[in-house]
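A, B and C label the chains in the order they appear, each numbered from 1.
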Amino acid sequence: MSTMEHAGDLPGWVALLVSAFLVIGAGLTLVGTIGFARLPTFYERIHAPTLGTSWGTGGIVMASMIFFTVLSTRPVVHEILIGIFVTVTTPVTLMLLARAALHRDRSEGNPNVPAEAPAEDPVPGE
Amino acid sequence: MLPYPLLSASLVLMWLALNGFTLGHLLLGCIVSVFASWGMAALRPAEPHFGKWYLLPKLFAVVLYDIVLSNIAVVWLIVTGGRRERRSGFVTVPLDLENPIGLAVLAVVVTSTPGTAWLEYNSVRRTVLIHVLDLVDEAEWQHLIKTRYEALLMEIFR
Amino acid sequence: MSHTILLWSVAFAQVCLAIAMALAALRMFRGPRAQDRVLALDTLYVNSMLLLMVFGIRTGKTIYFEASLVIGMLGFVATVALAKFLMRGEVIE
């Protein structure tokens, strides 16, 4: 194992804080992906990766921010951009995928998904 | 010159955060943000109408708290596996919220909370179909979405 | 003491994320349907992004941060394009 010389002058409590955030973030991501591999249907599986994209990413982003802020003695806010980016983009991809899956299931006549609600009144003349 | 001052300001901030603060990058970031806001103006997005915008931090705090709780709940579900009877299913929630930006925020909130996923919005019937991982009672979820998030969002976005 | 704990937790995080990537890859091969594979690819992107950030902490170099930002952006665009493809059968309408 490498010795991480660059972290030599890190105060002890900061090292502990960074470790805690790293373990929480990586652990949550792992549990989310285990769920993703184990859950039986697609609509259940779609919930599992959000563990990794909410507090999984949050934990590792916090660890990285604290680590580099203390080491370079100036506030490092780079990582917030990744956090915001992941928070904004994940729901978009999940929604698009879920709608695609609904569309595919409905066009195949899968009985396990709710039918598309019809528009109330068809516009006359169309 | 600046159709979207807030957008331009946050673009400059992001540019400086990525590249480090120097005078040259400040100038370059300003130029980029001006052109980007012109591009945004060419798209003509819907004008957002903020009501009680000062409630945004409250929404942020509520969502952060709920994400922590549902993270724990979903971790528990996955770790304990199929030891207990669990039912997941679809719930249709009728919505009173009409503001497109409010709906977008609600969709992001519902989807980024583990355990619930926003599937599709029906703009004619004004209902949304969500999928819940651990569905105990449909009415409870409808009530939760309407009182916890929608009421707050309707005050923020008129 | 706390330095050793940091070393071990960085190693733990790397192992966790590597296992997570392997599981996502497994789901990508098993499918069973196209939407499962696309979701697995998206999970793989997010996990590799996080792994690069842990590498950044381990080596103390900020270049890994840039790499993870690029992976995040490319992953988002790729997943959106694939989801559109699943919905309509074509990417550009």
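Keep in mind that, in the parts below, a contact is a pair of C-beta atoms (placed from the backbone, for glycine too) under 8 Å apart; a residue touches a chain by one contact, two chains touch by 3 or more.
Here is each chain with its UniProt name: A = Multicomponent K+:H+ antiporter subunit G; B = Multicomponent K+:H+ antiporter subunit E; C = Multicomponent K+:H+ antiporter subunit F.
Computed from a prediction, not measured in an experiment: that's the story for all the values here.
The chains that touch subunit B as well as subunit C are A.
In terms of the distance between Cα centroids, subunit B is separated most widely from C. The interface with the greater count of contacting C-beta pairs, when A-B is set against A-C, is A-C. Among the chains in view, A has its Cα centre nearest the centre of the complete protein Cα set.
Chain geometry summary: the mean Cα position of subunit B and that of subunit C are 22 Å apart.
Subunit A and subunit B, compared by their mean Cα positions, are separated by 14 Å.
Chain centres here are Cα averages; for subunit A and subunit C they lie 10 Å apart. Among the residues of subunit A, those touching two or more other chains are numbered 32, 34, 46, 53, 78, 81, 90, 99.
In the complex of the two chains, the subunit A residues touching subunit B come out as 28, 31-32, 34-35, 38-39, 41, 43-44, 46-48, 50-51, 53-55, 77-78, 80-81, 87-88, 90-91, 94-95, 98-99, 102, 113-114, 117, 119-120.
Subunit C makes touch with subunit A in their complex at residues 1-3, 5-14, 16-17, 19-21, 23-24, 26-27, 33-36, 38-40, 42-43, 46-47, 49-50, 53-54, 56-60, 62, 65, 68-69, 72-73, 76, 79-80, 83-84, 86-87. Listing the residues of subunit A that touch subunit C in their complex gives 1-4, 6-8, 10, 12-13, 15-16, 18-20, 22-23, 25-27, 29-30, 32-34, 36-37, 42, 45-46, 49, 52-53, 56-57, 60-61, 63-64, 67-68, 71, 78-79, 81-82, 85-86, 89-90, 92-93, 96-97, 99-101, 103-104. On the subunit B side of its complex with subunit A, the touching residues are 14, 17-18, 67-68, 71, 74-75, 77-79, 81, 88, 90, 92, 107-108, 111-120, 122, 124-125, 127, 129, 131, 133.
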